[in-house]
Each structure stands twice: as structure tokens, then as C-alpha cells.
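First chain A sits with chain B, and in the next complex the same chain sits with chain C.
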Partner chain A sequence: MTDFAINTAPFSVLVSSRSPALRKALTELYPPSLLSEVDDSTIYDFTLDVRRRWAGWGRPFHVSSGQQHFRMTDKAQLVPVFEWGLNWCIASYQHQYLAIHAAVLERDGKALILPAPPGSGKSTLCAVLMQEGWRLLSDEMCLIDLSNGVIWPYVRPVSLKNQSIALIKQWYPDARVRQVTVGTTKGTVGYLLPSELSWQAYQQPAKAAWVVFPQYQPEQTELMLTPLPKADAFMHLAYNSFNYNVLAEEGFTALSALVQQCVTYRLEYADINQVIRELNALC
Partner chain B sequence: MLAKPLLDFLTNPSRFVEQADGARWTVFLQLARQHGLTARCHYMLQSQGLMSQVPEQIRRHGLSAARYSKKQQHSLFYELQQLEAVFGRADFPCVLLKGAAYRALALPMSYGRLFADIDILVPKAQLRSARDKLFFAGFAELPLSDYDRAYYLTWSHQNPPLQHYQRGTVIDLHHHIYPPASAKHIDIQVLLEHAVPLPGSAFLVPTLAHLFLHAAVHLFYQEETHRLLKDIFDLQDLLNEVQQQQQLEFIWQQAQQMQVQSALIDACQVLLALFDNQAARQLLTQYSVLRRQRLGARLVLAMLTGSGMNAWVARQLWFLRGHSFKMRWHILLYHAVAKPANGLRQLWRSKLKPR
Partner chain C sequence: MVTLSDVLSVCQSYPQWLQQQHETALLQTRFNDGSSVVFSLLTHETSIAGSAEVESVQTEAKSI
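Coming up: the complex of A and B.
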């Protein structure tokens, strides 16, 4: 049994695995300082078990949390399934925050929130901004503190899909994309490593300043950045939230405060260079 | 057994908090989530004044779970208000069971409880009428094969689950608390007769004694184990309520009338052994069943506290025992043959039959 821990913040995870391959793969994705042996005096927020068990040919690895089964996989897809498994754990037990499906980046202590459903180019945009020097808080989850409204980072490798892997490598030849896996349920998946800056500040919150709803429009020639009424921004954020409906009044209060303190826009774009220019000017 | 650390917490939270290290808290978090007990543990820590000794991380997870359970309480209450209009003019008793009843009575145990569905009991003769009322309020049965539907109606104690077409709420409409086709013949007439109207509501709730007996039947006359710990903890809280309301005499007498004494004794023996429950001791002493532990109680205790091998054997026996109660062998045999045969017939009709 090779148990190990990933000491990310605000959630850490204890991994029980019989496969040394998984730990080896994860050393490519997480910095050595955050991957450790299990320490009996530490409380780990989540536990994930990755076990080999016979259940028909081809998919011998079972990913589960205690008795709750997540998914079976073959060795080739172990890394993405593990990462999704971790997201799955967190999704149901994160009500200490208002959680929004969004990428978050920071510059000069101020956070830019990019909320969007899958397919809007959010991850690609997030990767690009990080390569341009923004600090990454998360490419997936915007965690808003219910008591004071600050945004907590949850730094993890940025998951890139299909064409965006090639695009990022083309635009930024020194970008470190690791563990590229073909043929998953989401197509080809690869992980872009967070910048040094992002890992160093992995426990440092930021204050929300801008909310921009991105939408990639291939046929668009000119970038469009349109101010969005706050009420609309509120509704779109609530719609993109994982747990707005759970938090009731607290959720409403936190989201209102967030929208009040932010400048809100809709962004439609095709050319990434225009986006970089525009956001640099805006923020 | 695996759930030992959680059981330790439930039986003696203050000792657990005092002694737990990081590893034990990690296992506790995992188990509490698995058994849906995180929020209840949070409220337990709160009511026993232990919160200040609990690590910050555990407190945050407890708070998160409490928020979720509060949301569920709201939803349940909202649903019950919608149902008021549906059953407002019913000329038969509509009795809330299980979680919905605990919540309607605002029992302390309902704080932090998670709800999956709403259980309602109506007299068998009015099952159809109740179902029709719910239908016109937007509740319909989920798609089921004819065979499964017939199975529900003939052999089980409830209508197939009814789901609201918009809100997704699921209602289990019962006409009995236990399958009438089983080897046990439970008389629920007294439960209906003693049910108390909720002030300002169309619904009734069973007395605490009957709520306890229902929970005990639910646990001890079946074969499942995944909810074992939560069910036992429910019983512990319920029996304490029964005692506070001075229904201990009453519960014994009702158990006799309903013919469920064995479940009552099993439950008391388990509660005495695990929690040193004084109401359980009083009942068992009074009716001189303190000494010899019954099989049901012994199996539950072995599953919860026994070592690996004992727990495993107990689980196998529990499975056999539960099935022998729930379904008599000739019915089991009938379904073991009829269900696959029916499946083959469907397959023949839909795919294989030459057209």
C-alpha cells in the first residue's frame, strides 16, 4: 500500500493506492513540497481510494471515497479520473464557501472572475492569462468566503482539453503541459502546470474586482466587451454556482456583495491577442 | 468493523474529542459523510458544548454539512406546505412517517438530518384515492415495467414512488409499514387510531411510541446494513423521547398489539449494550428480558463492534435472517422464476420476434 497525501489548500486529500504509477504521475503535476507521506497528526479533508480489483477485462482501477464508488478506469486514464474524482469529492461538501463554476486569476491583489459553462473557452483563456503573468487561483472553482467575501485559491493543475492543448503549446512553447491522455470521456485531456507564482501564493486570498463572462465566437472579427447590468451579472453568477441554492440567504448576501464590488462585463472574442490586450487595459 | 470510529464518536463524543488525533479525525470525516451523519454530529458537538475543543477544520466541515441539512429542512417544510392543500379535504387519515414526522414534531433528532423522500401512510382502502389526489397535484409514478409495478402493488407495502414533475420531490405513499406478503403480520390499526393531528395541518403524526416501533421494525425485520449506524442512532434518540413523554408502558403494550415485541426487545438490547440507554434497561428489566440477548440484537452488535471474521459472519446471517422475514420462500421462488421469464418475454416481443 502506498498511501500519500496532497496538501493543497483549502482542501487536502489522503490517497490510498496500490499503484505506484499514480503517485509517480502526480509528482509531475504537483510540487514536491505539497506531495507527502501521510502524517498521523494531520487532518485530511478528503480520502480517495484507488484500488486494483478485478471487474471484467480492461478497467482494473476503482476510484472511490470510502464506500462511495466514483468510477472505474484503465491505467492509461488513471490521472484524469483521479483528478475528476477529487473534484467529485469536493463538489458536495464545500458549503463553507459560495462556489461558482469559474476561473479566477489575480493581479495586484485584485481578482478577475471568469464564470462560464463548459465550451466557452474559459480554461484556455485562463491558461493564457496565467502564462501572461496573472496569478492562478483556480481554473474551475471560485470559492467565495461567506464571512468576508474574499476569494480563496484552490490551486490545481489546469485541465486543458482537445485543441486547446495544441494552441497553448503553440502560443507558449515553454508552457508545461503534462500527462496528456487521449480517449477519455472528455476527449484528449492534458494538465498545464500552474506558474511558480501561483503555487507560492496557494494560500493567499484575493479581493474580487472584475467579473467577465467570456464567450468564444469563431466568426467574430472584432472583440466585444460589453458592460453587463449588475442584476444580470448576479443571475448569471447564481446560475453558474454549484451551491447558491443550498446557501439560501447567506448565498444571496455574499453574491450581492460580490456583484456590488465588481465591474461586470460580457466578453465575446475570437482572437486571443485582442483579449490579452483588452484585459490588460481593463484590469 | 469499519465504522468503529464513528460509533465511538456517537457513544461518547467528549471522550472522542479528547483523544482523537489527525488520523482519527480524518477517518471520522470520511465515515460521517458516508453515513450522512456529519451535520448531526455537528449539532451534537454544539449541544454538548464541545465545539471549542474541536479542530477548526472539523468545525468548518460540520458547518458546511449543517448548511446543507438546513437547506433540506427548508425544502421539506416547503413540500409539506404544498401537500397541505392536496390533503386538506381528505376524509381519511394521512399520517406522516419517519423523517417527515420527526421534522413536523421538531424533535431534536431532526436537526442535521438528511431527507431523501417524504413518507406518508394512508389506510389501504384509500390508497387509490390518495394517489389520485397526488396525481392531480403533479406527482406521477416513475417509469416502471408492468411487472415491477404489479410487484409493488401486490407484494409491497407502498405505491411505487411518486415524483413531482417539476420539483423532483419523491413521495413514498404507504398503506402499511411492512410488506403484508411477508412472514410477519403486523397490525397497524393501533398506529392509525392513536395518530395525533398536527395543529393547523391536514396531517397526523404517530405517537412517539409508534414512531419508535416503526423504526425498530424497519431496522430489525430486513437484511440491509448500509444505514445501520444511522438507524440505530435514530432509535437511541427516539427512545429517549419516548421516555421523556412517559410512553414506556404504552410502547410495550402497543408492541404486543402490533405483534412487534421482538423488534422492540432487539432494539432495546442493542441500545443498552451500545449507549447504556436507561429507558432500554428499564423496559428490559420490567419485562424480564434483560438477560438473554436475542439473535437480532447479537447480530447487530457483532456487525458494529465485532472483529473482522465475526462481523463478516454476522452480516451473512443478518442477510439470511432479514430475507426470511421479508419474503417467504415460495414467494421468493416465484419471483426468482417469474422476473427473468418476464424479461425474456419482453425481449422476445421487442427485439427477436420476426415481424
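Coming up: the complex of A and C.
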């Protein structure tokens, strides 16, 4: 057994695994200080099991939490399935925060929220902004504190898919993309390491200032940043939330306060340089 | 003894009673751009207030 812990604030996760390969792979993605031995005196927020259920090296790994099965995978896809499993675990079981499926970045103490469905270019845009000096809070999950409305970081490697991997490497030759895996259910997946700034401030919350709904439109010649009525923004955010339904009145109150304090836009773009200029100008 | 007229009386007053319950079971947020959303404490449904069309978020679990 090679159990270990990942202490990616605000959650600590115990990973129960018989695969030394998984921990070794994760050392490429996370700072050594966040990967540790299991401490018997620590109460972990989640346990993620990654193990072969039957003997034999050719058997698939089962990723699960408690009695809930997430997915099976072979060794070649262990890293992306583990990362998705971690997302699934937190999206399903944590209700301490109002969680929205969105990327979050910060500059000058103000947070930019980018909620978007898969295929909208959210992760690519998030990666670009981080490379341009914005601090990454998360490329996947916006965690809103129910007591005071601040957004807590959940810093993890940025998941890039397919053409995005080559584009980021082309635009930013110094970008560190690791653990590229081909043939997953989402195509080729690779992980862009968070910037030093992002890791240094990985426990520092930010106040929401903008909500921008991005949509990559390849045929578009000019970028369009259109003000969005706040009620519309609220509905889209609620729809993109993992636990708005669970939190009910508390979720409605927290989301209302967040939308009230933000400026809300719809962003349609084709040229990434136009996006960088426009979003930098918000600050 | 409950009479038919008692039953009819209750039935006739029901819509008004229901309406009053709904009025007290709604939370509304009016944003600073003038738009507004409403949350029902009874059904946990969220809607854009004053919208001619029904636009709502049903309480459905979402996962990734």
C-alpha cells in the first residue's frame, strides 16, 4: 500500500493506492510540500481510492470514494482519471462553499470568474491569462465562501485538451505542460503547471469583481464584450453550479451577493490577443 | 358535522390562501442594473422576475 495525502487547500485528500506510479506522476504536477505521507492524527476531507480490485497487473484501476464508484482506467490514463476523480469528489461532496464550474483568476486583489461549458475555450483562456501574469485560483471550480462571499483558491494544474496543448506551447515556449496523455475520453489531455505566483498565494482568497461568460467563435473578426443583465448572469451561474440546488436559500443569498458586486459580461472572441488586451483593461 | 357548504367554502377560499402562501415563500433579489431574480422556498426553483417567458433553474444535481 502506498497511501499518501494531497493538501491542496482548502481540501486535504487521502489517496489510497497500491500504485507507486501515481504518486510519482503527481510529483510532476504538485509541489513536494503538498504531497505528504498519511498522518494518522489528521482528519482528511476526502478519501480517494485508486486500486486494482482484483490481482494481476493487467487489471484496471478502480477510482472511488467510499462506496461511490467513479471510473475504471488502465495505468496509461491514471493521471487524468485521478484528476477528474478529484474534481468529481469535491463537486459531489463538499457543501461548505457554493461551487460553480468556472475558472477564476485574480489581479490587483480582484477576481475574474469565467464560467463556461466544455468547448467554450475556458481552460485555454485561463492558461493564457495565467501566463500573462494573472494569479490562478482555479481552472475548474469557483468556491464562494457562504459567510462573506470571498472566493477561495483551489490551485491545481490547468487541464488542457487537444489543440490547446500545442497552442499554449507555441504562444508560451516556457509553459510547463506535463503528463500528456493521449486517447482519453476527452482526447489528448495535458496539465499546465500553475505559476509561482499562484502557488505562493494558494491560500489567499480574492473578492469577485467580474463575471465573464466566454465563447470562442472562430469565424468572429472582432471581439465582442457585451454587458449581460445581472439576472441572466445569475441564472447562468446557478445552472453552472455543482451544489446550488443543495444549498437552496443559502446558495441563492450567496450568489445574489456575488452577482450584485460584480460587473457581468458575455465575451465572444476569436483572437486571443484581443482578449488579453480587453481583460487586462478591466483592471 | 361538516356540511357541503363548508366544503365549498373551503374550496373557494383555497386559491387565495395558496397565493398568500406563495407570496410569503418567495425571496427576491433586485440587482443594481434593474434586473431581478426570485427564489421559491417551497419548490427551490429560481426564476428571472417579471420575465414573460419561463426561465428557471430546476433543482437538479450536476456533476462532472
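Everything below uses one rule, namely that the second predicted complex is superposed on the first by the 276 of 283 C-alpha atoms of A that agree within 3 Å, B and C clash if a C-alpha of one lies under 4 Å from a C-alpha of the other, contacts with A are read in each partner's own complex, and residues count from 1 in each chain.
Just so it is clear, a residue touches a chain if its C-beta (ideal position, glycine included) is under 8 Å from a C-beta of that chain, and two chains touch if they have at least 3 such contacts.
On a predicted model such as this, the values are computed, not experimentally measured, just so you know.
A.B. asks: Let me test your reading of the model: by the given contact rule, A:Lys110 touches which partner, first (chain B), second (chain C), both or neither?
C.D. replies: It touches nothing on chain B or chain C.
A.B. asks: Have a look at where A:Arg176 lands relative to chain B and chain C in the superposition and call it first, second, both or neither.
C.D. replies: Neither partner.
A.B. asks: Of the partners chain B and chain C, which touch A:Gln67 in the superposed model: first, second, both, neither?
C.D. replies: Touch status of A:Gln67: first partner only.
A.B. asks: Give one of first, second, both or neither to describe whether A:Lys75 is in contact with chain B, with chain C, with both, or with none.
C.D. replies: neither
A.B. asks: Touching A:Asn87, do we find chain B (first), chain C (second), both, or neither?
C.D. replies: second
A.B. asks: In the superposed arrangement, which partner chain does A:Asn245 touch: chain B (first), chain C (second), both, or neither?
C.D. replies: After superposing on A, A:Asn245 lies in contact with both chain B and chain C.
A.B. asks: Given the touch rule stated above, what does A:His95 touch, chain B (first), chain C (second), both, or neither?
C.D. replies: Only chain B; A:His95 stays clear of chain C.
A.B. asks: After overlaying the two complexes on chain A, where does the chain B footprint on chain A coincide with the chain C footprint?
C.D. replies: 245, 248
A.B. asks: Looking at the complex, which residues from chain A come into contact with chain B?
C.D. replies: 14, 38-47, 65-68, 93-96, 245-248, 250
A.B. asks: Per the contact definition, I'd like the list of chain C residues that touch chain A in the complex.
C.D. replies: So the residues of chain C touching chain A come out as 27, 29, 31-33, 35-37, 39, 41, 44, 46, 48-49, 55, 57, 59-64.
A.B. asks: Can you list the residues on chain B that touch chain A in the complex?
C.D. replies: 21-23, 25-26, 29-31, 33-34, 55, 57-58, 60-61, 63-65, 67-68, 70-71, 74, 226
A.B. asks: Which chain A residues qualify as touching chain C in the complex?
C.D. replies: 84, 87-88, 91-92, 101, 140, 229-232, 234-235, 238-242, 244-245, 248-249, 252-253, 256, 259-260
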